[in-house]
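What follows is a set of structures to go through.
Next come two complexes, and both contain subunit A; in the first it sits with subunit B, in the second with subunit C.
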Partner chain A sequence: MRRVLLTEMRRGEAGKVALLAGAAGVWYLLSADVAVSDWIGWWNQASIKVQVFGVIVMGSLMSATAAWTAGRARRTRVDAWSDTAPRGGWSQALLLWAAAWLWSLLVYAVMAAVAFQRTAAVSEVTAPVWSPLVLGAAMTGLQIAAGVCAGTLLPSRITAPAMGVLWYLVFVVLAFLPGLSLARLFPALDEHWDATFQPHTARLLVAALWCAAAALAVLALPALLRRPVFSPGPLAAVPAVLALAAGGVLLTVRAPVGEPFWAVRAEQPAAPVCATEGRVRACLWPDDRHLLPQARDAARAVDRAVGALPGFRRDFRQTGLRPAGPDSAELPVYRPVLDSATMTEAMLGSALPPRPEGCAPHMLRETGGYPDAFLVEAVVNSRAKLVTPYYGDQFAAVLERVLATPAADQDRWLSAAADAIGRCRPVPAPPR
Partner chain B sequence: MSVDSHTTAGGSAPTANVEGATVRYKTVVALDGVHADFHPGTTALLGPNGAGKTTLLSLLSTARQPDQGAVSLLGAPVRGRANVRRVRERIGVLPQSFGYYPRYTVREFVEYAAWLRRVPSTERAGRVREALGLVELERYADRRMGALSGGMLRRAGIAQAVVNRPALVLLDEPTVGLDPAQRIGFRTLIRALGERSAVVMSTHLAEDVAQVCDHIHVLLEGRMRFTGSAAELCAEADGHDGTTLDGSAVEAGYLAVVGRNGVPV
Partner chain C sequence: MNPVLAFVRSRDLPRAAAVSLVLALAAAVFAGTRVEIPDFRYLVDYGIPVAAVAPVAHAIVLGTTLHSPMADLEHTAAQPMALFRRLHLLALTALAAALSALPVLFGLPVDVAAASVRNAVGYVGLAAISARLFGSGLAWLLPLGTFGPTLLLGVAPDNTPEWWAWSIHPPYASGALAAAALLWLASLLLPPAPPRAEDRAEA
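Moving on to the complex of A and B:
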């Protein structure tokens, strides 16, 4: 089969379309700005990015191409003699599918290499994540198989574009129905997995098995429906049974409420990586050790701004890390690459104690009716030399006045304000 | 020789045998209880359009099964997956409108046909060379199918039909659309094929029949109305002296069979 497969890969349309999709994919991955990207630097996210592009864009295109190629036998009337061959419809469909899928895998591998290379340039650990990629490859196989099936059964010129649009719509519609169990059978993992999460490898591999088995079973359908004289043998039942079993598992398994289906919480690291400056300590997931310099700068800035003030929190733990104590604050890191100012802003945002649950914010008439915590944050941010949001002239005037007061007065007011916020009381009047 | 029931055209075991085959397309009866044997050599299926020639070929090619009756090929009934597969490995088919993939080269295309016919991979390259040699297309082996002339395409079609060294070759109107020179060359080719396989050729070109065929079946309105040799068909015509065996004599014999059965032509 090797030579015939290579011929089909060389002469069929799948290669051209796969290369086109690959070019678009590589451009998409290369053009991402590292400073604002939500994936360059995180291995999980890099894998998901390739997978989701592979499935939604390349998979849809390749499915359309497969439908076109599969309709070729009828359009060119080759089926008048190929339907009398001892290699029946299933074998012929497998050949077309394999040719298109191999092209997809080739392009997919290039895209994965580009995404991982970009991530490796940022991250200080090397931990490529494979399971979402395996699922994406299998899902592309299922999409191509559906294209071959549709193209064989309905060899109209409209079938190919219809298949492409259909797949795209499936993913769009399923994206709006996140709770739908059926969506697990058509996985395009457009999720955000920061260091807190790890892929649920077992579920991803079961889903990959479902996709691969369903692809092989779907490929047998045209032969079963169209060529009753020479239907696929009992072997066709094997992928069908496997697909039913794997699909059944996917539909019946339940994830804990509020948790993603395809990921699990990562285990706590034995030793998170931490930066300590003065009285401030910031700890990160080991995979995010590349952010340590920014964490150090931020810790220094926070120490300058609120270092000695009672009431403020100075121990920061990246989201998902176990708190060191009741005074630990969560440090949210939404992107794999942050500058020092953004990290400082995130730390200062967490430095104020949280309001007790059910505590409504108190409005400060003097600032124009904004919550009193806004003024406290603005003062702290200004002391750390961060840009503060503009809340109007009245607010700005009060801020300027507070910052003009002696440092000792500011410190006293900030400590009292932090204490008040933590106790759900209105902050004291700003110093004059 | 008029036929009302099962007849054989030779003493040897038939390569293919059709027993009381009836095929219906909705309300139209395409074949009506047809009995026929097909022996080594070249057999012509003669009949007007709609007589059931292509339907009979589709039974012989295993593309479909009769609604009633039975077909056996190479000694095995065309029933059951294993049988059908074995039979298909030993037949070659060239349909009336031969379909091909224009981007494939001739070699690739015949290789694809060899794969479809389950020619073992170790023998495939040699069989492709052999098939291309038989139809004299070796020089064009690396030319794209889409760049071939009509005559060369038909030869490529024969090559794909014989690449598995079939025991039974089915040709549906193989010379239609060829110019006279190509047609003469094609007849030589079909005669050569008939020396190694049983060839069943559907045609309505009497000259082809006279030049090429050892046996003739005449199908009229889904029924087998004549089975015999070309000489026997010629003898059906009034006034035939029994010595001339050319296209016009075959045509006269054929028309006599048609007229005797009251079929409008």
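Moving on to the complex of A and C:
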């Protein structure tokens, strides 16, 4: 059996196509720019990226290829022989499926290795996330099984590309129907899991079980429907029952409102990693400790800009971390790699106290009718030597004037302005 | 029988043309709609007109006619088939381009039609290259294989198409025009090869 499988792996087209898809995947993973990437440095995200590429691009192509390979006996008019071979139809379908799936697994493993290697080069923790990868591998198996089934039952030249197009369509349509339960049966996870989340391993493994069982059940279909081949025995009912059970669980389980289905909130760390500079403290998730040098630089810059001013917040906690008190500010980190300037900007953006709920912004006529908080932010950013957005000549003239006033006047005005914003009052007139 | 007619029949061109016509009519019905790029890279608004996507389907369907049921005979024919092969490619390209432009009659803007024709030329070229590299049965492989990554990864974080995703570039983008032309010319100039084992087995 092993020899037949190896021969089929050499004989079939799956190897060529898997290598083609793998070359595209490896290029995609290697060409990503660390500075702007949303996955290099986060193990969750690295796993998601490989899985989504594996399912949508490689899985669709491999499904089409499997359909093509499955139609070979009919195309070459040897189906009469293969149908009467001393092997059942299910076993023949399994062989074609295994040959294609093993190729795709090989390429998938290479892509995972590349993605993890890139992440390991950035992250200071080693915590590869496997469950989305397992689901992706199982889903690829289901796609290939569907291809084998379609290619055997409909051995037309157009079946193969039609299968590829069909999978693309399924994923594109499901991407626009995020609330649809049925989408869980065709998982191509494209979610943003930063340090706040961790995979819901149980659901991912149930979904992987569904995919694997459904793949085996789908492979039995041609043998059940085509008269000439030896039909599978009652054993074929086992994967069907398993698929029904796992699929039923996926369709009936509900995630709490507002929470993702495939992930759960990560538990609060016992001790977040913090950088303290002067009066400013910035705390991060332990997995993001590679950002500590940038956090330290940013904290230093924030301390210089507003550290001494009452009214501004000086304790920053990365999104998802429990606040230390009412004066803690959320520090959003959207990418695994941030430079000091971006982190400084994020901290200064959170340093101003938030407006009370329902408080409409007050417009400052002097600046050309922009919200008064814009001027406060622009002054603060300029003090931290950050680029401020251009809101027009009138705004720029007022900003220039405020920055030209003595530091003590600026400090007084900024403190009063921060206090006013927090109390939903108009900020005092800018100093002259 | 007229040799051209015999060639057309042997490649099942009428059936493929009929399927493509149905696809073109469907594209015409949805001429005003756009295929929104899914939120794969956390983008908010990037859409491609249906008419600019339809050429992929035309290339895949018309690409099925690249298979010859008598490849061995053609390879050893007294009359070289290179001219027929090139005429065949020209005819497929003209057909795909005409069908891609068909939605203009139903109100499709001319610039979208231009992008559609450009994509038709490029994808037909890609299908011919795929047939030459992987066997005529797998003519669909490269058009389909490039279309998936284009949908998934073809838009940069700043909401502009990646340089390599030529088929979703604006209609008159010179790089995209050059890519389509290059693919088509490459398919036209690729030297013929003896029939592959798979093609022979199907004869």
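Here is the rule we use: the second predicted complex is superposed on the first by the 430 of 432 C-alpha atoms of A that agree within 3 Å, B and C clash if a C-alpha of one lies under 4 Å from a C-alpha of the other, contacts with A are read in each partner's own complex, and residues count from 1 in each chain.
Criterion: a residue touches a chain if its C-beta (ideal position, glycine included) is under 8 Å from a C-beta of that chain, and two chains touch if they have at least 3 such contacts.
The structure presented is a predicted model; accordingly, all values stated were derived computationally and were not measured.
Once the complexes are laid over each other on subunit A, subunit B and subunit C both fit without any clash. Once the two complexes are overlaid on the shared chain, A:R87 sits against subunit B while remaining clear of subunit C. Legend: residue contacts after superposition of the two complexes on their common chain; A:L20 is shown touching subunit C, with no touch to subunit B. Computed from Cα centres after superposition, the angle at subunit A between subunit B and subunit C reads 50 degrees (steps of 10).
Within the superposed three-chain model, A:R3 lies in touch with subunit B and out of touch with subunit C [touch as defined at top]. Within the superposed three-chain model, A:A175 lies in touch with subunit C and out of touch with subunit B [touch as defined at top].
When the shared chain is aligned, subunit C comes close enough to touch A:H192, but subunit B does not.
The partner that reaches more residues of subunit A, of the two candidates subunit B and subunit C, is C. Contacts of A:S231 after superposition on the shared chain: subunit B is touched, whereas subunit C is not.
Contacts of A:P161 after superposition on the shared chain: subunit C is touched, whereas subunit B is not.
Judged by the touch definition given at the top, the superposed model places A:T76 against both subunit B and subunit C. Shortest separation of subunit B and subunit C in the overlay equals 5 Å (C-alpha atoms, whole Å). Within subunit A, the residues touching subunit B in one complex and subunit C in the other are 76. The part of subunit A that touches subunit B in the complex is made up of residues 1-4, 7, 11-12, 72-73, 76-87, 92, 229-231, 233.
Of all residues in subunit A, those touching subunit C in their complex are 13, 16-17, 20-21, 24, 28, 36, 38, 52-53, 56-57, 60-61, 64-65, 68, 75-76, 157-158, 160-161, 164-165, 168, 171-172, 175-176, 190, 192. Those residues of subunit B lying in contact with subunit A across their complex are 61-65, 78, 81, 84-86, 88-89, 91, 93-104, 108, 111-113, 115-118, 121, 124, 160-161.
Touching subunit A in their complex are the following residues of subunit C: 19, 35-36, 38-42, 57, 60-61, 64, 67, 134, 137-138, 140-141, 144-145, 147-149, 151-153, 157, 201-202.
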